[in-house]
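Across the two complexes that follow, chain A remains constant while its partner is chain B and subsequently chain C.
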Partner chain A sequence: MANEPLLQVEDVSYSYKINSKETLQVLTDVSFSVQKGEYVAIIGHNGSGKSTLSKLLNGILVPEKGQVRVKNLLTSDRTQIKEIRRTVGMVFQHPDNQIVATIVEDDIAFGLENIGVPHDEMDARITGALEAVGMSEYRYRPPHHLSGGQKQRVAIAGILAMQPECLVLDEATSMLDSYGRDDVLAIMRKLHENGMTIITVTHHMNEVIEADRVIVIAEGKIAMVGSPREIFMRQQELESLHLDVPDCSRIAKVLHQEVSSFNATAMNPEEIVSEVKRLTHVNQEESKS
Partner chain B sequence: MNQPILSVKDLTYVYMKSTPLEHQALLGVNMEITEGEIVAIIGHTGCGKSTLIQHFNGIHFPQTGHVMINGMDLTKPKLDVKSLRRQVGLVFQNPEDQLFEKLVGDDIAYGPFKMKLPLEEVRERVKWAMEMVGLPFDEMKDRATFALSGGQKRKVALAGVLALRPKILVLDEPTAGLDPKSRRELLEKIKKLNQEEGITVIFVSHNMEEVAYLADRIYVMAGGKEVCHGTPEEIFTNPEIILQHRIGTPETVRTLHRLHEEGYAVNTGRFRVEDASTEIRKLLPE
Partner chain C sequence: MSSPFELTRNITIGQYLVRNSIIHKLDPRFKLASFAILLVGIAICDSYIGNLIGLFLSIYLFHLASIPVSYGVSGLKPAIPFMIIIGLMQLFLYKEMSPDNVIYWQLGFLEVSSASIKIVIISVLRFMQIIFLSSILTLSTSTTEITRGLERLLSPLQKVKFPVHAFSLIITIAIRFVPTFAMEMEKMMKAQASRGAEFGTGAWWQIIKRTTEMFPLIIPLFNVALARGEDLILAMEARCYTPGSSRTVYTQYKANGNDYVALLVSVGIVFVLVFIPYPW
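Moving on to the complex of A and B:
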């Protein structure tokens, strides 16, 4: 089938055992699918279950109830786990948990060795991956002396080198400065343009803008789905779910209340500027005539 | 004249000195912080901010240069590190990873308990610290730490440091990884600690919205040095500093700067959402 989704999450439930008696229900009957080439943002408050959800996407966790399919492979089929992980690469919040080697280059090679990439191909892949994240000059440095942001870029390079079809980022930018974050977002955008499927779990509302589709998780269920613009119009609902909208959306709303022709759905600086230009331009035309 | 509570003079630090992996993290930092201030330290990843603040409670000691904190000279070999660590509470990145007791109250009590304070005072301190961070004492003290949300865990970690009654609170990325509501709450608590208890706050942050909200003053670091300092308004209205040192700016400031570039007369220092909205409103027709 041509339109077979890359990822299918079907009626998935998951809970953690607290002790022999109690369990903590984290996800309840969650269903959605992700098409090849899509850019999806998953947002939700702390403890909403979004991290658990991301770990279900490449078989780190296996659903208690329901199933997760990567292409046509079930993540519960442990014989397929290598193929699943080759297709869906994960980048975590704390790069320290993801970095294993004592030299950046070796760290990236580690993943490649695991999936059996021939030695003569490794060099090109490492070069390409480090270039993609702007860390080429750190190739021979020990990762533990890098800053958090630099480590995260190394971790992303480690995954990119394996050339997955889909990248899942679990709050991967939350430790980065705004330029580091912009760099990573630019990397994600470029990968997306080249056809990579991207799923990002984030707390940063201005990262959500980049996505084609936003899935809002609350109390282990899907609470909202829509384009970033649609989602950000529902400010009160988001706030009741401990979330927020970008400052620019807030400004747009205030301005729209006072000047009704101001587009209330503007959500980034560029859109605010172009609204101001549009309205002041109209005004100038009027005053001329 | 007000003596600074913390001063750093020509501080340098080299990691793995005299090895092939030698890496100079600090190249002569100077800084003066007055009691009662909230100071943000910002800068690009790898600029040395974390290395710098690890000097403030004796995790690193000055290799060359000086650090003076509340009259204590950190270069002195006979430094009372215990006393230093009581005066300076350092909250690491993701401090919730360091909770180790089963119950919230026990975790917060650990520090004061180790100070060998009378039990009654330990209890008082735990209660005070919990209330300061917005964890109701009676309701939360016997909760299991692992069953808390990320935001709550971070509050417990902060309370654990506050229970030592530090004069200076040093925070490394206090809200990274928190959802927007928990972030706002925690920032309000930090502000309250400063305003009501007079605690000097020094924090490292990448989140410029947070810097704009909290900081009285900002130090900008680049390449192991402090390159400039000023109020948020001074820093955020200066496009040269922002560009040269690759400082992120709050979204509101970015919007105002873009409008300014387009030739609109806006005050780029109006970085609160309401103020920025008012600034932009002035441009629009009636």
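Moving on to the complex of A and C:
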């Protein structure tokens, strides 16, 4: 392939030490790569190792076996760690625990100060990042007056200001209410449209619908890989891994069982509506003739 | 009437009051430096007149900052028990060997003399001035500005390997998490109260009762703090934070005329307080 992948995970294994004798194997021989501009969803239920996997992507954890490369830099090379983390930005689960400063703009400046952005450039970057997440009017507010979703948007802005090539969201929506979640998902969609590589780690199936590729993790191994549509068709396998299919997929399948011409791969409300319209149209044609 | 559980509503971190006064507009670096200079002056000054002048000036500062003096007075209230304890200790234990010291009362090692009465009065005056001054500082400067100013003021210490940025980051993070922990504590208090624990039943002066009521919250609060701390470390590392490495600074300050005047006036006041030989 002509294009070098942005991220390469090669035969990675990882285990946590419980005590001096016992270890807990969380990841075993995981391999995949992510191309620039791709939208990848990593999904798995609690304890599947998906969070550990995400922490390996920007060198917070270093694989025990195998290697992780970011733009061909090894995450085990600690001299390159700044460059790696500038390339792969990461947003975490808890909106409250990632904000460092007492004023929104100071918090966004924190990352910029760390990577040595000159002062004259910071202002424009902060403005841009806040605009990208729709939080411009909150620039001078203290973060504790913001809602969970707003805090998470500030956290995303803090990463965006550092102009990463790839954004990893480690269960970034799991602590949010449905409004906050929709806001964050809309931002992810917009960033992806603008060419940002996005990796989202989640256990909500509804959040993976928009991804280009879904990687299902179970017991530390990759269980399935494919487009969301392909993955949702394998409902029984997903259920054996304690994962749900989105409501729309489920409805489509039930309808398909009743009316065999109904497309079972429909996975969002628009597709279901258009299928229903198509079939009613077909029925009317038939009854006419 | 606020309920004992509404911690977050009453939270005033740094109790900053938005005004448009000269004091508010001062560069935080200069404000902090002036504050430190005045504190030294007050600590050295040991005459009645000098301290009265200091007290008058610190009340006048409230006027300059267009903040009602009642804010300063309410700052005195929680300090009263400590002032009384320290006052009593000084009254009975302070001894001075000088010819014009008159001893009024003596019992064993306890004695009340003219010198000990004087020192009690002076320290009450000093206490008031210090509380008034620090109230003005915190009422007219946001916590963010104070930490920024402090970081800039301490930056020369970097030459002797003092971790200035880490130090100011610790303060910033501490302030940043006060409302978060208050909220957390509110939840825990409600959870425990619903199982029969009592909170807020002691009056404000029942310090011991009010403190022991808080004991069942300390361990869970520590637990939460550590968990949050771990998360925060990850988030900071993910944003390229490396302790001790070189970094740029976002907020820049530029001092103007008023700032230099404030500094000079503070130095002048210290001279008036310390070097003029007042008769009393």
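Going forward, the second predicted complex is superposed on the first by the 285 of 289 C-alpha atoms of A that agree within 3 Å, B and C clash if a C-alpha of one lies under 4 Å from a C-alpha of the other, contacts with A are read in each partner's own complex, and residues count from 1 in each chain.
As a working rule, a contact is a pair of C-beta atoms (placed from the backbone, for glycine too) under 8 Å apart; a residue touches a chain by one contact, two chains touch by 3 or more.
Predicted model only: the values in this text are computed from it and were never measured.
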{"item": "Fit or clash between chain C and chain B when superposed on chain A", "value": "clash"}
{"item": "Partner chain(s) touched by A:255 [first = chain B, second = chain C, both, neither]", "value": "first"}
{"item": "Partner chain in contact with A:118 - chain B first, chain C second, else both or neither", "value": "second"}
{"item": "Which superposed partner A:280 touches (first chain B, second chain C, both, neither)", "value": "first"}
{"item": "Contacts of A:195 with chain B and chain C, given as first, second, both or neither", "value": "neither"}
{"item": "First, second, both or neither for A:24, with chain B first and chain C second", "value": "first"}
{"item": "Partner chain in contact with A:269 - chain B first, chain C second, else both or neither", "value": "first"}
{"item": "Residue contacts with chain A in the superposition, chain B compared against chain C", "value": "B"}
{"item": "Partner chain(s) touched by A:94 [first = chain B, second = chain C, both, neither]", "value": "both"}
{"item": "Clash with chain B (superposed arrangement) - responsible stretch of chain C out of 63-71, 81-89, 189-197 or 243-251", "value": "189-197"}
{"item": "Chain B/chain C common contact set on chain A", "value": "93-94, 142"}
{"item": "Chain B residues within the chain A interface of the complex", "value": "15-16, 21, 23, 42-47, 50, 93-94, 144, 146-147, 149-151, 173, 176-183, 206-209, 246, 248-252, 254-255, 258-259, 262, 264, 273-274, 276-277, 280-281, 283-285"}
{"item": "Residues of chain A defined as touching chain C within the complex", "value": "55, 58, 60, 82, 85-86, 89-90, 92-94, 96-103, 105-106, 109-119, 122, 142-144, 155, 158-159, 162"}
{"item": "Residue numbers on chain A that touch chain B, as the complex places them", "value": "18, 24, 44-47, 93-94, 141-142, 145-150, 171, 174-181, 203, 205-206, 239, 242-244, 246-248, 250-251, 254-255, 258-259, 262, 268-270, 272-273, 276-277, 279-280, 282-283"}
{"item": "Chain C to chain A touching residues, read off their complex", "value": "13, 142-144, 147, 169, 172-173, 175-176, 179-180, 228, 231-232, 234-242, 245-252"}
